[in-house]
Amino acid sequence: MSENQDKMLKIGIPKGSLQDATVDLFARAGYGVRVPSRSYIPEIDDDQISGVLFRAQEMSRYVEDGVVDMGITGHDWVIENNSDVVEVCELKYSKATSKPARWVLAVAEESGIDKVEDLEGKIIATELPETTKRFFAEKGVNAKVEFSWGATEVKARLVDGIVDVTETGSSLRANKLKVLAELLSSTTRLIANKDAWNNPWKRQKIEDLALLLQGAIAAKSKVGLKMNVEKTNLDAVLQLLPSEQSPTVNQLADNAWVAIEVIVDIKIEREIVPQLMRAGAKAIFSYPLNKVIP
Amino acid sequence: MSENQDKMLKIGIPKGSLQDATVDLFARAGYGVRVPSRSYIPEIDDDQISGVLFRAQEMSRYVEDGVVDMGITGHDWVIENNSDVVEVCELKYSKATSKPARWVLAVAEESGIDKVEDLEGKIIATELPETTKRFFAEKGVNAKVEFSWGATEVKARLVDGIVDVTETGSSLRANKLKVLAELLSSTTRLIANKDAWNNPWKRQKIEDLALLLQGAIAAKSKVGLKMNVEKTNLDAVLQLLPSEQSPTVNQLADNAWVAIEVIVDIKIEREIVPQLMRAGAKAIFSYPLNKVIP
Amino acid sequence: MSENQDKMLKIGIPKGSLQDATVDLFARAGYGVRVPSRSYIPEIDDDQISGVLFRAQEMSRYVEDGVVDMGITGHDWVIENNSDVVEVCELKYSKATSKPARWVLAVAEESGIDKVEDLEGKIIATELPETTKRFFAEKGVNAKVEFSWGATEVKARLVDGIVDVTETGSSLRANKLKVLAELLSSTTRLIANKDAWNNPWKRQKIEDLALLLQGAIAAKSKVGLKMNVEKTNLDAVLQLLPSEQSPTVNQLADNAWVAIEVIVDIKIEREIVPQLMRAGAKAIFSYPLNKVIP
Amino acid sequence: MSENQDKMLKIGIPKGSLQDATVDLFARAGYGVRVPSRSYIPEIDDDQISGVLFRAQEMSRYVEDGVVDMGITGHDWVIENNSDVVEVCELKYSKATSKPARWVLAVAEESGIDKVEDLEGKIIATELPETTKRFFAEKGVNAKVEFSWGATEVKARLVDGIVDVTETGSSLRANKLKVLAELLSSTTRLIANKDAWNNPWKRQKIEDLALLLQGAIAAKSKVGLKMNVEKTNLDAVLQLLPSEQSPTVNQLADNAWVAIEVIVDIKIEREIVPQLMRAGAKAIFSYPLNKVIP
Amino acid sequence: MSENQDKMLKIGIPKGSLQDATVDLFARAGYGVRVPSRSYIPEIDDDQISGVLFRAQEMSRYVEDGVVDMGITGHDWVIENNSDVVEVCELKYSKATSKPARWVLAVAEESGIDKVEDLEGKIIATELPETTKRFFAEKGVNAKVEFSWGATEVKARLVDGIVDVTETGSSLRANKLKVLAELLSSTTRLIANKDAWNNPWKRQKIEDLALLLQGAIAAKSKVGLKMNVEKTNLDAVLQLLPSEQSPTVNQLADNAWVAIEVIVDIKIEREIVPQLMRAGAKAIFSYPLNKVIP
Amino acid sequence: MSENQDKMLKIGIPKGSLQDATVDLFARAGYGVRVPSRSYIPEIDDDQISGVLFRAQEMSRYVEDGVVDMGITGHDWVIENNSDVVEVCELKYSKATSKPARWVLAVAEESGIDKVEDLEGKIIATELPETTKRFFAEKGVNAKVEFSWGATEVKARLVDGIVDVTETGSSLRANKLKVLAELLSSTTRLIANKDAWNNPWKRQKIEDLALLLQGAIAAKSKVGLKMNVEKTNLDAVLQLLPSEQSPTVNQLADNAWVAIEVIVDIKIEREIVPQLMRAGAKAIFSYPLNKVIP
């Protein structure tokens, strides 16, 4: 039984906006994850892994406490919770996670407040109160920080300022807010409990999982590209292919021709396919990938 | 302009599960409230009232700070926020608000924990951390209280105990939890800012609004009941009607008959209508009500 | 305890297409019925009534067996199940129940089949197999009757004929089917278990409930209509009012005027309101009703 | 048959955003209108009325052509189509129809275009091309008018200007557009075909329908208000009631008391109910109305 | 024409919970199946196949009668209908079909009923009445079997016992039921009409279709895995690959390296990819498959 | 800046029924297109491409005016708008675009109208008024053409005839309409502005995009098919493969065997896979494709 305990990795899956993208990512990594409706205990098709759903905001606390060995959450929430955990790697796997989220201090454009010091004695609303308090303490500014349950941008004119998250700044502009300072920049992370990280079996399991998840993320933006080329055109064709990835070249039955296969980024493929055609490549086709390990 | 300020009541409408029921209640009280999609600023058809949506959890802070003069929220969140506000009256206006919500300390049935003292040194997850900390402090028990973002009942087995809300106890039973103590019992309240309450114009406006809201709540469970009765049957009929409410009796053109009208509770109506028919009442009908002021 | 048993009426609420209309009907009759999501046990705000949801198709069996004392279902399913129950009254309370449903034997227009006898040795698909078998047995025709799980009209050309339900015949026309015979005409009924009907307390409770439900159904198509009339116009106005319902006439403060109040059908109201106005009635208004007991 | 034709009113119901509100309005006026799913032929429970659904934009053409005798649409589309029809009355029956819609000529704030004349030789996108062409012709300005299928505000920067509809101007502000001119102000209208209007039976039917529809609209913003008043307080109470509407006063059994009933606007009710209570009125209650004919 | 008849395979597609998964399975097998909304006649892009939708419960009857030549349904419904058909193969193609469904006889935990014999004279509700009657007949127990239209688990306490379907037993536990016996274990099957099976053309067509459907099912749990390996590492790498499937090994241009390609199960891939990397494999990638024929 | 202008292609994406299919097509072609909710400006992950959403009906006007350089729309709307644009190629990429849409003149079956000339002086409703007017002008027939906002088939009996779009004719049959003439046959097209087409950089960009879009369309109906074959069976296997596409044949490590790879149509694959198996092919599998350039 204790043996069994040792060979069980407990992982935290982020509930909410990242949940579906995370289940999809695990599927492409090779793990079937099913969340029964209204349940918080996902079913995972690996006897050595058990899972729990937590909100991203609370994930790092449960990783730190050892309730789970490993979790996926944003760097911002690790900082807010001041959690003592290992950040194993970044995971840029969804629209929502591909750009860093920036937490900024913002005030109404017409407020007459121009710098952090002008907020002395004022009220600030934020979903990130601890980080905000630390920020003002470092600046030597006394401000009253109120916790906000979402829709924080609306409160910018009800109180004196807000600390809110933004990706492109468009919501700030729409609400006619100006940014005084950036407190934090954040991406999605795979984090681990320190004891789990020191346990060789668990660390191996976490590292293997990280490898597979990163391989699945890499595969999404690439394709396998194949074509047939007459040898007289081979140099011209090879010059078009990205140099960092050596293509596989195979002799065809007809001695004058070779088959070429290479993994390329989708954005490269769309550039070079018309050029390859003009350079004489024939029977060009591409196919989707599941996983790419560099 | 300052005149105008004095004659403007700012109110907080609860966003989320109570929002639709609150808009409906205001409509029956006589106030058209429209929440533009994605907006937090409801449109209210009274030039002396302006509104903002806040979550019930944060409402009392904004009432205390004077961001709004008045708000609707649960007693539990007033306590959790330790807010210094006036609780004007109860408002039992929706399914969700008709029974008190009870916040209880619960642990897994099989945990071996039987009383509050057994939680010494343990971890408690809750959406009500301040109230929970005060509770343990009063009991002289050291427990680590972790804030939980919902789905708290699932965490009862991940940490050592939870403080969660329940109405009927069915969710506790379904999760096989046992209750060690009740921390708080709560209903929906109309709360006011202390300065607003001391401003005569605002206080009058708040009290009138409270009267209309309570009148609309009362009307929902009552009907107007009318019938014609031959005078020989009058005594028998009157004995069936609830005594606390004196019915209006009118002479009809035919001198042998009178018309009776009375406001009764829907649950009384369903009892007495068959009895009234058997007692000789004719042309019995009932109609819905908008507002009932006692 | 046995006392309590005696004073408890068990009722069957139809699950499915009639469910929402039935809950609404009970509400207007004075009974709060709430069906928790995914539950089959509705909560009813009368300690003497407990409920269960059954599909209309199976209701009469459970009424006959005494699993419930009373239920609401179609006459067709009583016949199909050959259930020995009391049909207490009709309840025409929803769009779906206001016209009788007709079960007809139909075949493809181009089938060459013109009368029941032509179906000798053929296959018939139907959701009402027992009734259909009895029908063919009475006609002395041998036909193989197959039970169909819905979408029966599609099967009219896959097998040789169908027995299916229709209200207006439009689905039959759309599928180019012709009707050979009508087997059954059906409306919604309140049915009771025979033992319950012989128990005086239960019978009283059922009859009272039937009265309230019928009163709520009647109220939906009627309004209360009021107006003021100068006495010189009184005869002209009274002649416009439906004769079967004697209006209540009240003297007003101004001796030359009377107030008239009468319950009329919505379809009558729309006819007479313009005429009443032209006949000199003033301050005409109407109001909705909750319950009308004739 | 021709008789039957003469006694049949064909009406056009607006399809789309006004459809549900229109069906609800007819229901309160006393007419059951049911639109079978995917059908354009509503079922109406009056043998003398048949209906068709048309989009508001095309309604007036079909009324002018006599395809229907009567229709409901916006004044703007009557003008755009240049239709020769009778505008019988306004119908302000829904949120969407309670404020006039304004069609304005707008350009990008930063465009450098400040007056209509600056649009000489430019391109204008609009859903109202004919009205827009007439407008520019009257101003003596040559502009190319392009028909736009919706989302016109987006095109303000793709072409040079737009003519678009607005109620509050908020969409214009959000898109940073400035208004150069207002072309048209519009509300919902009941319109009639000229021949139908000259046919006495049809005109009577249209006028009766208009009366009932307007009565149903009026009832939505009013309630019936009742209370008991001791005669010593009667004057004080009567002074609070709106003067234009004389209340009905009835003697109660107890000679010292009278019952008062009056129809008031919902916005008046909310003002006076607290005052009536303070003036000594007892057993105050209000009830909803179905129809109010002035 | 008769020629055409001979070369047409009629197939039954299961309507309801399996429908979308079945359409998806056919697509991966190479057949475009489109079900027009509200239609029961799917369009299939093969002139030699026509289809009809039937509910799984009734499928085997229509296969037996020859209305269709072939269908997909559960083994349980074949048994319940006592249908004389050929069970061609299993098709485990969806979440719902990957585990056998078990039909069990269950009673309330607190019922005092402990074995089948205790049900003598009792009432049993079930969706599988014929199978249940046969079961009790074999046991020599007299029980009244009532057909249940779904939600059978609720009826366990209304009558005396139920026969219901379960996969994991969780619904039984949630309803506090205990299992007395298992009547049947069932998976999804491709079934054929006996005459169609004896017709060589139809049998060939059915067998080919079964092959393609099974190939598509197999492909869903597998990937194609490729990598480059230095010859010095080749043995170590080959030992990691599953032995039952011999990988394709190709010489690369650089003589020291080979390319390896192999089809592996997704669950194997996730195990061996980290190991392959550690064993020196380079440029590892995998790609999804459409069909795998063993 | 002007440089930047020269190297920017503006494209029009069709809003509405084709939108999702178009976004999906671009994704398979290699372009990430994201339409923010409620926005008309899609985000495209190529710095040289900017996009706008237009309805298919208005697209060609904006292409002709140069508001965008290129767009996707139906040939019918190009004709209706009489737009002077370049039709670059067909794009048959969705269910809705795989069959030509036919615009036909239709009348009620029972109308007594049998040929175009019978419509002299009659009213025709259509979404394609300009094309319809040109058609009647060419025929020398005077007909009044009314613009119809959709649901045109319903109007066939309200006016005298319609010009409406049809794919299979089923809607015409359901409405019992007969076709008098076909005005236009249409498929989806990639169209370009004439100036853009004469700009070498833009023309190259448009042609490359057309190549990638067509490659993605072609890939959807094909798979890559691989198998191992013993040399003794090679001829038999090669005869089964489609002749127009020469397969790639590779020697395997075991000298007696070769590996074959070929791109085939999905409909061919389903035919030949069972035959290949019978011809001795082993380890047959197929995989999906992203792009196929002939």
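All chains are identified by letter, namely A, B, C, D, E and F, in their written order; residue positions are counted from 1 within each chain.
Keep this in mind: contacts are C-beta pairs under 8 Å (C-beta built on N, C-alpha and C of every residue); 3 or more make two chains touch, one makes a residue touch a chain.
Given the structure is predicted, the values throughout are model-derived calculations rather than measurements.
Minimum number of contact steps separating subunit D from subunit E: 2.
Take away subunit C in thought and the touching chains that remain still make one piece.
Considering every other chain in turn, the ones in contact with both subunit C and subunit D prove to be B. Farthest from subunit D in terms of Cα centroid separation is E. Residues touching across the subunit B-subunit C interface largely differ between the two copies, under half of the numbers being common to both.
When the contact pairs of B-D are matched by residue number against C-D, D-F or C-E, more than half turn up again in C-D. Seen as a C-alpha superposition, subunit A sits on subunit F after a turn of 120°, to the nearest 5. Averaged Cα coordinates give subunit A a centre that lies 43 Å from the centre of subunit B.
Once the centre of each chain is set as its mean CA position, subunit A and subunit C turn out to be 58 Å apart. Residue positions of subunit E touching 2 or more other chains, listed in rising order: 250, 287-288.
Per the contact rule defined earlier, chains pair up in contact as A-B, A-E, A-F, B-C, B-D, C-D, C-E, D-F, E-F. Subunit D meets subunit F in the complex at residues 15, 40-41, 52-53, 55, 57-58, 61-62, 65, 67, 123, 146-151, 154, 158-159.
Interface residues of subunit B facing subunit D in the complex, by the touch rule stated above, are 29-31, 34, 45, 207-208, 211-212, 215, 219, 224, 245, 248-250, 263, 287-293. Those residues of subunit A whose C-beta lies close enough to touch subunit F in the complex are 95, 223, 228, 250, 252-253, 259, 266-267, 269-270, 273-274, 277, 283-288.
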